[in-house]
Structures are given as structure tokens and as C-alpha cells.
């Protein structure tokens, strides 16, 4: 018997780590991975809340999140490959042609 | 007690993996640590009773998505990331923002009086029940998501396969000569 | 044939010329000139034929036809239908418009043949016919207003027909703008009617009006309506103070001047006033204003006509003054007389213009009478027909003008001898300048420089339609035919008014009105007085002729000396009393300056544009400062997002705590 | 039973199963060598022990004693981790495989199964899918073109065929109505083996399984003729042994799975005294697994190797649609029955 808030705390930590990764990592693939990390954190909170409210829909949402994550991974990695072809770099700081 | 121990075990792996993801400079290490995070998250799910979710987490996330990542890293032969100072904003505004937000959330979570406690295997996510939910109550979202997947597949194919890839072989994804190139340039990925 | 079978013709009559206009306008460019003229003439003539058909079985006794074509406006109990209406008055107008119009169409075939815009011209003419017929056959004021505006449009198009000429374009604009002023009054009159009668239908309005008492005090709705209508009429029929556009309108081709600016359109005002006789009869003040304006215009324009040297200008001013006559008639309640004069005037003035056109055509586009002379030898037919017309307009019996003008003068005398006096003086001046025109044009011998320079091409011609030539020549028969027909009409046309037959024919239309005026007229003064006045006017006309003969046939050098002796006065007359300049100073300049300085520079540039530009600049500056956030650096964006998320979380936590 | 006994029994079971498994692995190598030798009309190992039965021991000794080369240009952490990963996952997947029915050992009774998870099938799939990393990382960290190509091929091939493998099992699951391997086996009583109910699914499974385990005709990751030895080109000694064992362990697992899912697991004629009744199911099970192992070898030395594009095209354009169709048909039939 442990308080649910622990799980939520864990998911929060994971999410924060994901955001931090997004902020401090330069490699676009790593950044992408930190997005996945955030998604996982959210999934954990989903499951935890499902346990709190005894509603399975929380776990069902996890599946949807996973599906979206898979789709996103496919498209995102394809984009990364395309970007690498044109820019020949994976460093997001070098992929900023919008800049003045 | 056992619950707390297991939770802490998996949780530690999770956090360690997450931090390692940030700490590692080589994407492949980040990827592996992320796999570790996901696997241990599956353990957390099991603790919460969502065994089906746990299994799918391992199969889909660890087994499929992360494989995609690893393959991509191998293909693009991503080396150590260079420490460019691209964005002051991210460091000066973003990081503090994240920390503040995290601290606030943690504070709220820990100071909620009505936060209930859960036993081990709190809510048993039996596959049949989940399937019933998925194919009755959430049928429409399910179908929509399938369409989303389809679109994603097409988008990925269109994006990743380019006609001029033949014209510039060293930029194209598949093909033996390309891989040779990859490995030739792949002398220094540490 | 019964009204049921005939009344449908009412809508076909206007629509036929419209069809012709459409066909010529859309397909004329490709088709041959023969086809164009065939179409134009066919549709116009068909309309005329139908008009005759209707007239054949329409007596003074027969009830008005009316044919509702379609519903138009409906709001509450107020309703306007697109319907046509024919009574004796509109029948007369119908015949005049279609008849004279048809003749002038034939004439223009010959006159405009060599012009490049031939199909355009014919299409415009047909269009004008359509609108004019709509105006004439309207059953309510709104449909009438459509025709009213339409003829304005057609006249604008035709005055500016040679739009490459600045003067023509300017004249077209002037006509349009001046007409706007009049239309403005007309519109307000319509609004007043809607307000007070809740209808624009002639019969309904007049039915209500007949119940109203006569506004003796001179102040009231009917007076207001009447005056406003008169403003409109003054604009369309070139009365003081809005007559200025008509002389300039002579920039258009001569058939246009004949059809629009002499025979038909300019008389629309008279027709409208006559149509509204019911209203005017119950607004004596409005009547008086109409009479005074008409009288003054008649005299004023006639005096200007004396000193003009451009043949068409002379005719234009005489038109103005003749219209003045008609308004005088309406003003003294002799509506039938006014309409009568309208008809005869259509005949002889149309004839005059056509003949003048024939002259201009014959000597290669020259319009200055001082360069003419002796043309009777070159173009005898034109000379005779024009002479007949001159006699008619001068009021020499038994020609048409005599009957109508005399009728008007007699009615005017019955109302007040002042009108009669001025009328007679005008008659004298009229005959003088008309015969002056005749002598300068046809008398003496040919004075054109074109002959001296041995048949050289004549460059400066107003109607430069293809060929200028030195040797004057008679016009082709396609032009002379209408001249002859109109000449015959101007001879015999007056006899329809013999013994007030014309008046009785129109009686059913004006009975509501005339009953007020008539009880004064015939009984008070006997026949003797009438004959006396008749003799006076005839003798005055004769005097005018004599004077003109003396000055311009016997002693051609005399006028110049007289002009010098008169000096300033002559100059004033020659320059049309500087009216145009006066208007330019009084109205045009203030408007132009005001709109330039205030509206344009101050308001438009200073306020509106400034607002737009300043806001644009502000946006530009703001975004220029904000733009740097859009560094294109993914991580920076992420940083902003994270910060925003932190703010949101903080807010929510705070709300939760509170 | 108390937590301690639970733990004890679990440990015992694990150790036993591990031992059995490793022995099986070792002797499947021996089996392969023998069979292939006879297929090629040779004798195969004969020297060490009778019929060369001790050959695996000799091999093990050799592997252990050999020098463990580590090329300087490899990426060490992963180079070392890769074989461990693949072996660990290969062995772990056996943990949920039931070998037999309930047995009573003195006071205690237990299932012949390390742990009975009610989503056992998914667990197996998940663990095998994790096995990809070993191969991929090995190929990448060796920093050698052959290894890289081998790793790429292996991972791509395994990921692709995993899809049709999983889909082929869905039909079985629909019929059994459970994810627990034990229930699935129980659902096949009275000779209602899924091989009869789901022949298509079985063949899809078989083919995909061969591809999953990188066995001929799908052994492109280690296509000697083109890639030397594929992802384990740079490996030697114990590391190589790990890959080797992992491969055979996977084969065993897949064979067990096939037995459980399609051939009624331990089901078979059971008779005789209680002891025999306890032994027989295990015997049946082992027999069936042995058949599958034999089939593996047989196929390996019979069929030629595919070309890579053929492999991919076959997987995506033939097997996958077939599996989906099978799922749909099965679902329709079951729904129609109900």
C-alpha cells in the first residue's frame, strides 16, 4: 500500500526529464527520444489515475497514446532522415534557417 | 512493504535511465537508457495491475519504436552530439521554468490530503476487459487512430524515399553502396 | 381589337428597341453595317408600327390601358409593380417618340454610315428608345424614374459618343452631372409621395390627391412635391437654372441632338409636369414657379440665341426657349397646349436639327454659320425643308408652330398679361434669330475657306465623320426622306389642334386639373380678343423676319457695327451671360476645392490613410521587436513553451491553494 | 504457500529449467551437426564420447579456453553488452513456457513452469522482440561494415517478421480466448490441436519463426557468402558462444511455442502409474519440441538462402496480408459460431 502520489511524482519526474532533454539536448534524435520519455510519463499518470478511479479507460488511453507515439515516431524519424539528407547534420542548432 | 520496495526499484531505474538519457552525449546510449526506462515502466505498470499495458509497453515501445530509433541512429551514423550554444533562451528561461513547474507539481502532489493509497495490482487490466472497452466504448477513436496510423505510414514512406536519392547515392537510405559509405564514414562515432 | 388584346403590346413596345440595342451592342462589332442598320431600323419601326396599331383604335373616350409586367418592390402595404400604362397623354408621347425616333433612325443611317462606331451608335439609339418608351409608358413614378435615368444614361453615352474628343467627353459629364441635380429633386419628390400617399402609382396617387384641398396658402406637401418635381423637370428639360448642359450637348452627333436634345428627351420634363398636373393644380405656388421659370427661360435663351454663330448652338438655345414656352403653358394650367407645342416642336425642331445636320454633313463638318452662306443653291431640299421648319418655329400661320404657340400665348394671357407679353417678345426674338440663321446659312454666297483653298481637306470639323470636302453637296435621300416627312408634318401638324380638338382629345387626362383652370379661360375673354392676340403674335413674328432680312440679307456688315455699338451687352449675350463661368465660380470651384483640400487632403489622406498607415507601421515595429523571438531555434521555442507551461501550472496551483 | 517457499520453489524451478534449457541448446548443436552430416552423407562428430555425444562439452571447453579478442576499433560498452543482451533475453523467454501439467512433489505441488503469467504469450513476444537489440547493437558496435550490414539486416528482418508472427498467433488466441499459454493448451484437449484449426496460422508462424531466429532460409544476417559472419563477425570465444547459445535458445523457445500453440503442448495419451502420469506429458512435450528442432535442421540443410529484397517482399507482401486475412476469417467464423 503506497500512496498514489508516488506514481504521479514519478511520472512528473519523467516528464520533467523529457522537457529538460528537449531543452538541453542538441541531437535531434535525442530530442525525439525525450518526447517519447514525456509520453511515457504521461502514460504512467494515466495508469495511476486509472487505478485511483478504478476506471479501465485510463489504461485504454495508454494504448491510444502508444499508437500516436508509434505514428509520430515513424513520421518523425522519416523527417529526421530527410533533414539529415539536406542539412547533413543532426544538430538542431544548425537547423535554424528561420533565424535572421 | 514489498510494493514499496518494488516501486522504488523500478522507479530508481526509471529516473536513473531518464537522467542518463540526458547525461549521455551519444544518442545510442540515450536510446538504450530510454529502453531501460521503458522496461522498468512496464514493471511499474505491473505493480499497478495493468499487465496488458505492461506487455504492450514492452512489445510496442521497447520492441518496435525504440528499434526504429536504434536503426535510425545506425543508419545516420549519429556521432557524439556537439555542444553548440544555440539557444540562450532554452537555458535561461526554459530550464528554470521546468524546474519551477516540477517543484510546484511535486509540492501539490505531496500536500494533497485526500491522496489515496493503492495496493499492489490495484486495478487488474485484464486484456478482455480492455478489449471490450476498446472495441465498444472507444470504437470510433480506435478507428480514427487506425486511419492516423495509415496516414503516418504513407507520410513516412513519402518522406523517407526520395527520387533524387538515386542521383545522390551517398544520401539515399537503402542500398549496399550507401551502407559502405556509412561505415566508411563511421570510423569515429565515439 | 380590344384593350385585352392590345395591352400586351404595351410591354413589347419598349422591349423591342431593347432587343435591338442588345443585338447590335453584343454582335454589332462583327456584323456588317447593313445588318446593323437593318436590325436597328426593324426593331424601332416595329415599335412605331405597334404604336400606330394602338393609336388606330384609341379614342379620347377609351379607357386607359395598363399592363402589369411583373411585381417589383413589396414592403408592407407599399408596393411597386413593373407595369405599363397608356392613356391619351402617353399615347401622344408614344407616337411622337416612336415616329420621330424612327425617322431620325433612318436619317442617322445616312449620317453616321462612315463612322467607325456605327454599331455602337445604333445600339445606343435603340437603348435610348427603350428608356424613353419606358418613361412614357410608365404606370408609376418609379418605373418612370427608371426611364428618366435611362434616357439620361443614353444621352450621356451619345453626347460623349466621340469620347476621344475632350470637349465631347466633358459635355457628356456636364450633362450627366447637371441632370443628377434635377434627379435629386425628383427622387425627394418620390420619397415625399411614398411618405404621404404610400404609393407611386399614378392612378392611386392622383386619386388621393384629388381629395386634397387646393393649397391656397402656397405652403404644403403638394407644393413641396410640385416644386421638387419641377427641379427634376428643369434638370431634364434644361430650364433655368439647369439649362447649361443642353448647349454643350451639341457636341454629340447631330441626329442625337435632333432626337434626344430637341424632340424627345428634353420634353420628358414637360411630360412629367403634365402627368403630374393633378398635383400642380392643387399647388398654385408650384404652378406659378413653373410658369415664371418657363417664361424667363424662354426669353433668356432666346436672347442668347441671337448672338450665337454655331448653327447647332443657335438651335440648342431655341430649343431651350421653346421648352420654356411649354413650361409656361403648364404653369398657366394649359397642359394640353404645352403637350400640343411639345408635339409640334418635336416636328419642326427635329426637322431643324436634321436639316442643320444635313448642312454640316454637306459642307464637311463645318458648324460655324459665318463660314456658310449661299447653300440654297447647293442643297435645295435641305433649304426648303429648313425654311418650312423656320416658318413653323417662327409661328407663321398656317404652320404647326403657329397653332401651338398661339394657343399657349392665349392661355398665358388668360392667366396674366405679363406672361403673354414676355411670350410675344420671345416670339419676336425667336423669329429674328431663326431667320438670321436661315440668311447666314443659305443666303448670300458661299464663304467657306475650304473652297478658296481649292477643295482642300477640311481638317477642323466637329462631326469629323470620315470625309471632309470642299464642294457643298446635297445629302443622300436616306437623309432627305426624313426631312421631307418632317417638313410635311410641320406644315400640317398644327391642324390637329384646330378648334381645340387636341385639347379635347387630352381632356380625360387633364379633366381633374383643367376643371380648376378652365372655368377662367374661354368665357372671360371673347373670341375677338383671341384673334387680336393671334394677329399680334403673327405680326411680331413677321417683324422678326423683316429685321433679320434687313440685317443679314440687305446689309450684312450692319450687325458687326451694332455689336460694337452695343459693346458690353453684346459681349455678355455672345458669352451666354457668362452663366457657365458664374456656375464655375459659384458651385464647381467650391466643390472641387472643398473636396480637394478637405475631403481629399485632410480627411482621406490625413485621417483614413493616416490611420491605416500608422496602424501598419505600428504592427511593423511591434513585430520587428517580437520577431527576434522567432529565432528558428527549436530549443528556444521549447524554452518558451516550458516557461509558459510553468506559468500555467503556477496559476493553477495558486487557484487551487486559494 | 508462504512467500519464502514461493521464492525457494521459484529458484529451484528456474535453476532446473535453466539447466535443461542449456543442455537442450548444447545438444541441439550436436543434433544439428549430426543431422547435417547425415544429410550430407557424412558421419559428423564421432570422436568425443559415443556418437560424439560429449562433443558439446568439448565445444564449451574450447569456447571458454579460447582467447577473447577485442578489436581496438569497436565501441566497447555495447560490444560487450550486445551478446549478453541477446543471450539474456533468449533465455528469459523460456520462463513462462509450461512444460507440463500440475505435479505434486511431496507436500508441495506446482506447475511445470517457472511462472504462470496470464499474458504469457505476450511476455514471450515482448522478450523475443527485445532480443533484436543484441543483434543490432553487436553489428553496430563492431564498427565493421559486415557486422553493420548484418546487424541492420537482422534488426529490420526481425522487426518486420515480428508483425506477421504476432498476427498469426491472433487466430489461436481468438479460438482459445486467453493469453495464458496454459489456457491455450487446455483449449486444445481432445485432439482439437490448433494445427488442424489454424493451419494457415501455423505455417505463417513457422516461416516467421525461422525469420525471427535468423535461420535458413532467412539467415541473411550471417550470410557467410556475403557478410563473412554477419553481426558476430568480430566476436570470438565466449562472446561468440553467447550469440550461438542465444540463437539455439531462441530456436528452442520458438519450438516450444509452436508446440504449445499448435500441437497441444504436453497433451497426449497419458496412462500407467501416477509417476508415469507425471512424466508422460513432459515426454510428449519434449518429443514435439524435438520434432521441431529436427525440422529446423532439416530445413536448414535443404533450402537455399533468400535474397534480401525477396525476404522483405515476402514478409510484407505475402505473409502479412495472409496473416491479416487469417485473423479476419477466424474472427468471422468464431463470431458466427457464437
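Read from first to last, the chains carry the letters A, B, C and D; within each, the first residue is number 1.
Assume a contact is a pair of C-beta atoms (placed from the backbone, for glycine too) under 8 Å apart; a residue touches a chain by one contact, two chains touch by 3 or more.
Note that the coordinates shown come from a computational prediction; the quantities given were computed from them, not determined experimentally.
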(request) Looking only at C-beta pairs in contact, point me to the busier pair out of A-C and B-C. (result) B-C
(request) Taking the mean of all protein CA atoms as the centre, name the chain whose own CA mean is closest to it. (result) A
(request) Calculate how many whole Å lie between the centre of chain A and the centre of chain C, each centre taken as the average of the chain's C-alpha atoms. (result) 83
(message) Taking the mean of the CA coordinates per chain, how far is chain B from chain C in Å?
(response) 87
(request) Take the average of all CA coordinates in chain B, do the same for chain D, and state the distance between these two points in whole angstrom. (result) 27
(request) Would you mind pulling out the distance in Å between where the CA atoms of chain C average out and where those of chain D do? (result) 107
(request) Name the residues of chain C that each touch 2 or more other chains. (result) 631, 633, 635, 638-639, 642, 645
(request) Could you tell me which residues belong to chain D and also touch two or more other chains? (result) none
(request) Provide the list of chain B residues touching at least two other chains, using ranges where the numbers run on. (result) 52, 56, 64, 68, 73, 75, 86-87, 90-91, 94-95, 98, 101, 105
(message) I'd like to see which chains touch which, written out pair by pair.
(response) A-B, A-C, B-C, B-D
(message) For the complex, give me every residue of chain B touching chain D.
(response) 28-29, 32, 35, 39, 51-52, 55-56, 58-59, 62-64, 67-68, 70-71, 73-75, 126-128, 176, 179-180, 182-184, 186-187, 189-190
(request) Show which residues of chain A lie in contact with chain C when the two form their complex. (result) 19, 22-24, 26, 28, 31, 92-93, 95-100
(request) Using the touch definition up top, name the residues of chain B that touch chain A in the complex. (result) 3-4, 7, 11, 14-15, 18-19, 21-22, 27, 30-31, 34, 37-38, 41, 44-45, 48-50, 52-53, 56-57, 60-61, 64-65, 68-69, 72-73, 75-76, 78, 81-87, 90-91, 94-95, 98-99, 101-102, 105-106, 109-110, 112, 115-119, 122-123, 125, 129-130, 133-134, 137-138, 141, 145, 148-149, 151-153, 155-160, 162, 165, 171, 173
(request) Using the touch rule from the top, collect the residues of chain D that touch chain B in their complex. (result) 73, 75, 77-78, 117-119, 122-123, 125-127, 129-130, 132-133, 136-137, 139-140, 143-145, 148-149, 151-152, 155-156, 159, 162, 166, 177, 179
(request) Going by the contact rule at the top, pick out the chain A residues touching chain B in the complex. (result) 1-10, 12-14, 16-21, 23-27, 29-30, 32-34, 36-37, 40, 43-44, 47-48, 50-52, 54, 56-57, 59-60, 62-64, 66-75, 77-82, 84-85, 90-94, 96
